[in-house]
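To start, the structure itself, in structure tokens.
Letters A, B, C, D, E and F mark the chains in the order given here, with residues in each chain numbered from 1 onward.
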């Protein structure tokens, strides 16, 4: 499947923290940069997401903001 | 200002493409990775966003999905 | 690629309306229901999205609201 | 109230799963298609959302992605 | 229609700026505060949104960030 | 840091309700208007967000919908 979301960045799962319905997944995308994703527990289970797994972080361009100092 | 969004990644603006109301800003966040942001033209003007400028890409954790092959 | 987004609905492209940077893609998901997506022009070109094409509409659960009468 | 969100799809609640702050509501929109929504527990209580209830799934066009095989 | 989005704020339309596909609607919600919304041109036309009109700004809680100085 | 999000509204924290991974923060933005934000517990801790604290509510224009009666 190829998706319209402009941002697709490969990385390695650092850890998965499960809540009651929502999980936080932290992904090392290289260069010392960690990206945090908040997804459903079902998605974590269905995709078998766990530490050290290789994944792709996906973000729609309209969800990306820009900041300046 | 410090913001709750979990993902704040430094980079350099590659280019800015302005539409009628919406601009696409592409940012090199290193490691050959380009992130695309879709923001208002007003934001581009107000923050003076232009090629080669140093910026931070900001994404809320709840807007980040995870994919696996 | 399998993605964490909980909502993946198959359908057929009705039409694509391109703006300066943003396109509107309307998809017939059956049962007389049309879904509208707003994505970048680049995504439309890259994925070759056009009328009558078979696609999947993808929506993260946290972007879905519920209303009652 | 009429809302700008382009996607408003009628359906029947399949089930509601409450977390500590966030609930997952699954809605049958017909044609065998189930849509999952992640909303606050307060919203579930305030709107009286429960299994078998008739609801409308609401999604902004800018939150809808398109994928192709 | 009542909707799950936690944030519903009444206001008056200041102006509407139409792009090729996307419009920017600015709303005065009182106390000197202007809120900007980016919605489709179709929504503007369908709902008859224009300057001086009374509207409600609607935002899902998961789309609201918090910042501190 | 200055950010592209068009909507930045000052207010005072009313209360913070922590879930397993996600917190709900309610902010009084004046005029009797309360805004609810859903952010990660980590963000609440990192930014020291608590009742009576002065904060800014931040929302991207593309996440703001408009409704009419």
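By definition in this document, a residue touches a chain if its C-beta (ideal position, glycine included) is under 8 Å from a C-beta of that chain, and two chains touch if they have at least 3 such contacts.
Computed from a prediction, not measured in an experiment: that's the story for all the values here.
Considering the contact criterion stated above, the chains in touch with chain B and with chain D alike are A, C, E, F.
Relative to chain D, the chain whose mean Cα position lies farthest away is B. Bringing chain E onto chain F by least-squares fit of CA atoms involves turning it by 180°, to the nearest 5. Distance from the centre of chain E peaks at A, each centre being the average of the chain's Cα atoms. Taking each chain's centre as the average of its CA atoms, chain C and chain E sit 23 Å apart. Taking each chain's centre as the average of its CA atoms, chain C and chain D sit 17 Å apart. With centres defined as mean CA coordinates, chain E is found 21 Å away from chain D.
Counting partner chains per residue, chain D shows two or more touched chains at residues 1-6, 19-20, 22, 24, 36-40, 42-43, 47, 49, 56, 58, 60-63, 65-69.
Because contacts link the chains in a way that matches no line, ring, star or complete pattern, their graph is best described as other.
Chain pairs that touch one another are A-B, A-C, A-D, A-F, B-C, B-E, B-F, C-D, C-E, D-E, D-F, E-F. Chain D makes touch with chain F in their complex at residues 1-5, 19-22, 40, 42, 60, 62. Chain B meets chain A in the complex at residues 3, 5-9, 24-25, 27, 29-31, 33, 35-39, 43, 47-49, 53-69.
Taken together, the chain F residues at the contact with chain D in this complex read 17-20, 22-24, 36, 38, 62-63, 65-69. Note for the complex: chain F touches chain B at residues 1-6, 37-40, 42-44, 46-47, 49, 56, 58, 60-62.
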